[in-house]
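Presented below are the structures under discussion, each in the form of structure tokens.
In the two assemblies presented below, chain A is common to both, partnered first by chain B and then by chain C.
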Partner chain A sequence: MSDTHAESIRFVRETTLPQAEPPVAERGIYKWGRENLFATPGNALLTLIALYVIYVVLSAVLPWLLNGVWNASSLSECREILAGETGGCFAVLVDRWQQLLFGFKYPSAEYWRPALAFVLFFVAAAPVLFFDLPRKMLAFTALFPFLAYWLIWGGPVLVPVVALVGFVVGYLAYAKLVTRSFAGGFFGGIAAAAVTWIIGGFIVDWLSGPSSLLRAVPSRDLGGYMLNFMLGVTCVSLSVPFGIALALGRQSSMPLIKWVSVVFIEFIRGVPLITLLFVASVMLAYFFPPDSNVDLFLRVVIMITMFSSAYIAEVIRGGLAALPKGQYEAADSLGLDYAQAMRLIILPQALKISIPGIVNIAVGLFKDTTLVSVISMFDLVGMIRGPILASTDWNGVYWELLGFAALLFFVVCYGISQYSQWLERRLATDHR
Partner chain B sequence: MTEAVKSPAQMTVSDEVAISIHKMNKWYGTFHVLRDIDLTVNRGERIVICGPSGSGKSTLIRCINALEEHQKGTIEVDGTLLSSDLKNIDKIRSEVGMCFQHFNLFPHLTILENCTLAPIWVRKTPKKEAEEIAMHFLEKVKIPDQADKYPGQLSGGQQQRVAIARSLCMRPRIMLFDEPTSALDPEMIKEVLDTMIELAEEGMTMLCVTHEMGFARQVANRVIFMDQGQIVEQNEPEEFFNNPQSPRTQLFLSQILGH
Partner chain C sequence: MTTLTDPPKGAFRPSMLLYDSRYRSLTLQAIAAIVLACCFLYLYSNLAANLRAAGLNISYDFLGNPAGYDINQTLIDYTSQSTNWRAAVVGILNTLLVAFLACVTATVFGVLAGVLRLSPNWLVRKLMAFYVEIFRNIPVLIWIIIIFTIMTAVLPAPSAFRGENASSSMLFDAVAMTNRGVYVPGPYFTRGFGAEGNGALNWLLVIAVLVGSLIATRMVTASADAKQAETGVRPKTLWLNLGIWFVPVIVVLFALGLTWDYPALQGFNFQGGLKIGGPLIALWFALSIYTGAFIAENVRAGIQAVSKGQTEAAAALGLRPRRIMGLVVLPQALRVIIPPLISQYLNITKNSSLAIAVGYADITATLGGITLNQTGRAIECVLLLMLFYLVISLLISAFMNVYNNAMKLKER
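And now, the complex of A and B:
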């Protein structure tokens, strides 16, 4: 009797067929290759062309990378060692890495200070970026700006201490007065902080002798990638809160606040960053009291922060507009006041929507910090264009230096991008 | 709906005034939405407000907790006169709970956090106590097991019950419902109405904009019919449904009951 009863309509299976392997062409690498590389004749042709392009690129780049010279004191020595063969002259990085990272005026005995500040930066940033970490770590985050200032600029320790005390006094005054009215708390806090700083300034002048624990380094001696990184971190972390304030201000029902925000945003967005930087380096002095000497670094930070906060404000405004009106009404109907509703309900959702836009601006801002090289600050690009390429030893080493600069920026920007994607996944609670 | 429900007349209505609205008018631009509204609600009353769309019924109850501003006349809630003073408004809002047509839960917070947020920040209740209160009300609306989920993971009916629990966590003395079942599938309407009936039985003062006429018959002690921004007719449910006086009420009832 046959197994399948094929000749009858009635059918009963009496045996189970053994499980069989799929045909060779339908499994593993054959299947993958056939489907992805050689699916059609056109597809196969493209694969071959792509392989050829990869070969050409690698055959040029690999010898340059692998055959590179890492030990030489000048470009001509590099060329002697290479003796006509292809190869990069990476010796310039070995020779000048300190200048590339720290600038050419930062005292080399003090390199550990910015390096330590750099390491501590990650400790300080961690609880802000990864909110599963214990909240107590935020205390260090709050202290970090003052600590980093003292490490990088050195000088009397009282300066950052007075700055910190000013903030604390301002906050205490705010907390005391805000129960009566927000405006009173806001301006009272600012006034209290300003008074503390002025008094503190006299105390610092009076107490500080010539000797201090850390040698003072003036702002004009900062340079290299350190300068880009400091500008990037400072301006991003300042422009997000300012951007939020501007976005909320633009939505405000109070005409004065609304129009100040609108005019600020529209004006700043209508002006090229490089113009603002020239204003910072040359013209801003006209706006300060005649005998005041506001630091160039601070002026540049103010300008870049203003510039990017205007953009961030518009991104956040988009996030705010995307929220349904019902969220505002629900918050109102529960009796939350404006500050609570914004902080607990509206901003967490609006900022989540705005993450890609904010990150876009942060990445752009970080790369735009290289523009300070045109106002004669020696950041990474400024160092390469100026002291290094102008030196007789390394005149003409473009690919290696600019490739290194590109690599440094890429690492940070790619890191920011990956973080933002992780953050978006982490915050995705509404459509699960 | 449960059989043990007491008839509307049996549920207690006290003489104490909860809301009193006097000659209240509201305009959207030049459009006169609410015209000379006079309404007094005693504590323990369950009032159903119905009427054609655009008649101002939602706007009326949204004026009571100042989600909408009125331009003329007075609204007094629990003896507090509603003015433009923010302190007054926040005080009234924390006494008056509100449920919306589209629930308006906070999608970035868990169910439990949705319920504890206002008690913690407005009432300054300690977190632990707020969570106990929240679990109590989540049990009451029969979804304590969903406390750690996010609103997006719940069905519409469950979300609306959470919204009710969220309002109750503030221990309101008055509840406003703005078409709480209009955005729900038919089989979910019952679970929300059951919750509201239970609330009514406990003596909550309720103002409810709804088209659920069964609910009105069973729970309300007063039905208000609004048209073109005015209160056209109000009566006890039996009289209102069986013997409507105004021709506009008759037309409306024949349209919604006639299918």
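And now, the complex of A and C:
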């Protein structure tokens, strides 16, 4: 073979050619652009339309953003400085940022308190959100609600301390009794906590002196973005236990329990949040004892918690349903009773599956906290539409304020949804 | 948890109420019932005491009293002398109107954005991802306020349309966008039935003709299917169907004498035509783009849920791309898309209650807003309001259950 070829071919190349670069159209940005932007005529048209849209948006927004005025005391001064040119009047943010963040009644000397609580919130939330952190940090998470309450509302330090002691006593009673039966531990814990609180209430009344370390701030003075954040965090964390209870109730084999849970969940999910807020603002007061005075903040927290626990219950029910039946049967065959099976086998797995869903509910709920502005609470949107736009200085500064509000919500909600996606990926790897 | 041991023989003992699994659930339910009853009694006694202290009672008589306030956008006849009940009905119709409009446009936006998010074009894909993230992560209330601000603070006043060199002009001489609302040409009949030839009967007639066309096209398609099954050749039906759709309705509209009433500037405001108020547009548009972002994600998930093997198998069978989309991908994707889509419709209906923030007279703003404040009948109004939304959402979920059962995969 080789002989015949040696005669028929005059030249055999013995070294390989040096590798040449691909043609210009097949490499780098040209190739990428051709494949991703101009693959077909239709595609090219879409690209051009998209470019035009981007141009229109940027040409409107960029001058407004870059040419903005940051130092002025009123809108008319802004207009003078701009002298007819396009530009935002961001001076309103500089002038009123405290009101936007804390509301217009929160004493300005005390702004550091909610700010500190806000920072500590991340420390407290970290061990819940990231499983790799040391579990001992959860102790601070348990402490945080009482600390945050004291920081934000101020007043006698004994109130949160008594509340905390009640929980601790309740937990100790539970830990002591739960070895015999879960129900005994559960109700024993509640009873012990209640007794502690009642006794503690008398002690607080008896000791309440005029002097307190932190000045007391009533809840009607809360406002701004702080109010949105507090409502979101409080209601979501309160509604998880209620949601678990409702989800278990809906799966219960006892018709009465099941029926009550179903009616509650479907009723709450069937009405808009705004009607529930109306209930909080005009109707709920009728259901409290005649001489009690429950403030609007607490009433709103009650209604939003009811609202979100119904939605969280449905998410957790999905988690319970996603567990293979074998898990329930395995728990039964080990001889665990209902409480043990739920606590040790079912719920840890079901909750893990439902975390992304719960996070989605949390994002939705956080956005929905803006609705409280409709019942004349001065949250971020309420502050913008109320005191700030109504003031003579800043009447007419719409875009800067609304854009700021949108930005604040976007940062938080986008952050949470990215976290949720990260968590979903992570949970997916160690489960499947 | 069933037990396999034989049930203990012997007489009933009280301790069995707690320790026998046959009776324990009854005991627990009885306790729960008692606790619940106590809670309700407690709440009810508080309510009664509070109402007595305030000198109030629960009564729905106020529904029959004159409402005493005006509503700027109504679908049915309404004056300030009409009853509160009539105002509530106006509100209900307005809620349904904006919900229906927003559902339609949100679906359009959502399907468009969802399909474009899967486009091979990098720029379009990123742009749509940007749209979805921006709108999903900012509260709908802020969007409603932003668009309402555009409607009221950016659009020109009617006076800007006046004069020789007016600063604003009407689109195509037919549509005027002012800060008092958008004026579009309104249809009316010159030879119709009813009062001044413009009764509701005319529109019913048009709808009846359209329904007839729908039935007729269905029959044409069915006969074409039968013919194809018999002979293997499908008769062309496109022109026939188009004719059935358009000819009868055009004939009817012509017979009724359809004319358009153009808005025109008279005095300080536009007269004639159809006025679409700023609040309605703000609510409609904001709900559409906000919910559209969610629907886009549903659509994308639905299309991605159809495995690639399905497309490849269809291509291997020799189907053309359009038929692959229509016969293989879409039917499977729709099964995934429709249930969340319907719950988005439910969300639109519930979110339309935010109308109260921009002053659109929906049920929340009439019954839950002005009527509540004027009559002071808080409990009655809020209960009626909840009842309305509950009925709507139960209807929609009932429809969804029927649909899910019909669409369920028929498995062995």
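Assume the second predicted complex is superposed on the first by the 386 of 432 C-alpha atoms of A that agree within 3 Å, B and C clash if a C-alpha of one lies under 4 Å from a C-alpha of the other, contacts with A are read in each partner's own complex, and residues count from 1 in each chain.
Here, contacts are C-beta pairs under 8 Å (C-beta built on N, C-alpha and C of every residue); 3 or more make two chains touch, one makes a residue touch a chain.
Everything numeric here is computed off the predicted structure, so don't read it as measured data.
Q: Give one of first, second, both or neither to describe whether A:V260 is in contact with chain B, with chain C, with both, or with none.
A: In the superposition, A:V260 touches chain C alone.
Q: Could you tell me if A:K367 is touching chain B, chain C, both of them or neither one (first, second, both, neither)?
A: second
Q: Tell me the contact category for A:D332 with respect to chain B and chain C: first, second, both or neither.
A: Both partners, chain B and chain C.
Q: A:L427 contacts which: chain B (first), chain C (second), both, neither?
A: So A:L427 only meets chain B here.
Q: For A:Q340, select first, second, both or neither according to whether it touches chain B, chain C, the two together, or no partner.
A: The answer is first: A:Q340 touches chain B but not chain C.
Q: Given the touch rule stated above, what does A:K352 touch, chain B (first), chain C (second), both, or neither?
A: In the superposition, A:K352 contacts chain B only.
Q: After superposing on the shared chain, does chain C or chain B touch more chain A residues?
A: Comparing touch counts on chain A for chain B and chain C gives C.
Q: Based on the superposed arrangement, let me know which partner A:A50 touches: chain B (first), chain C (second), both, or neither?
A: second
Q: Find the residues of chain A that appear in the contact set with chain B and again in the contact set with chain C.
A: Shared contact residues on chain A (touching chain B in one complex, chain C in the other): 332, 337.
Q: Going by the contact rule set out above, which residues of chain A touch chain B in the complex?
A: 324, 326-327, 329-330, 332-337, 340, 344-345, 348-349, 352, 427, 429-432
Q: Considering only the defined contacts, which chain C positions touch chain A in the complex?
A: These residues of chain C touch chain A: 1, 25, 28-29, 32-33, 36, 43, 46-47, 49-51, 53, 116, 119-124, 127, 133-134, 136-142, 145-146, 149, 153, 350-351, 353-354, 356-357, 364, 368, 372, 378-379, 382, 385-386, 389-390, 392-394.
Q: For chain B, which residues count as touching chain A in their complex?
A: 65-67, 86, 90-91, 93-94, 96-98, 100, 102, 104-108, 117-118, 121-122, 150-153, 166-167, 170
Q: Which stretch or stretches of chain A touch chain C in the complex?
A: Touch list, chain A to chain C: 36-37, 39, 43, 46-47, 50-51, 53-54, 253-257, 260, 266-267, 269-275, 278-279, 282-283, 285-290, 332, 337-338, 363, 367-368, 370-371, 373-374, 381, 385, 396, 398-399, 402, 405-406, 409-410, 413-414, 417.
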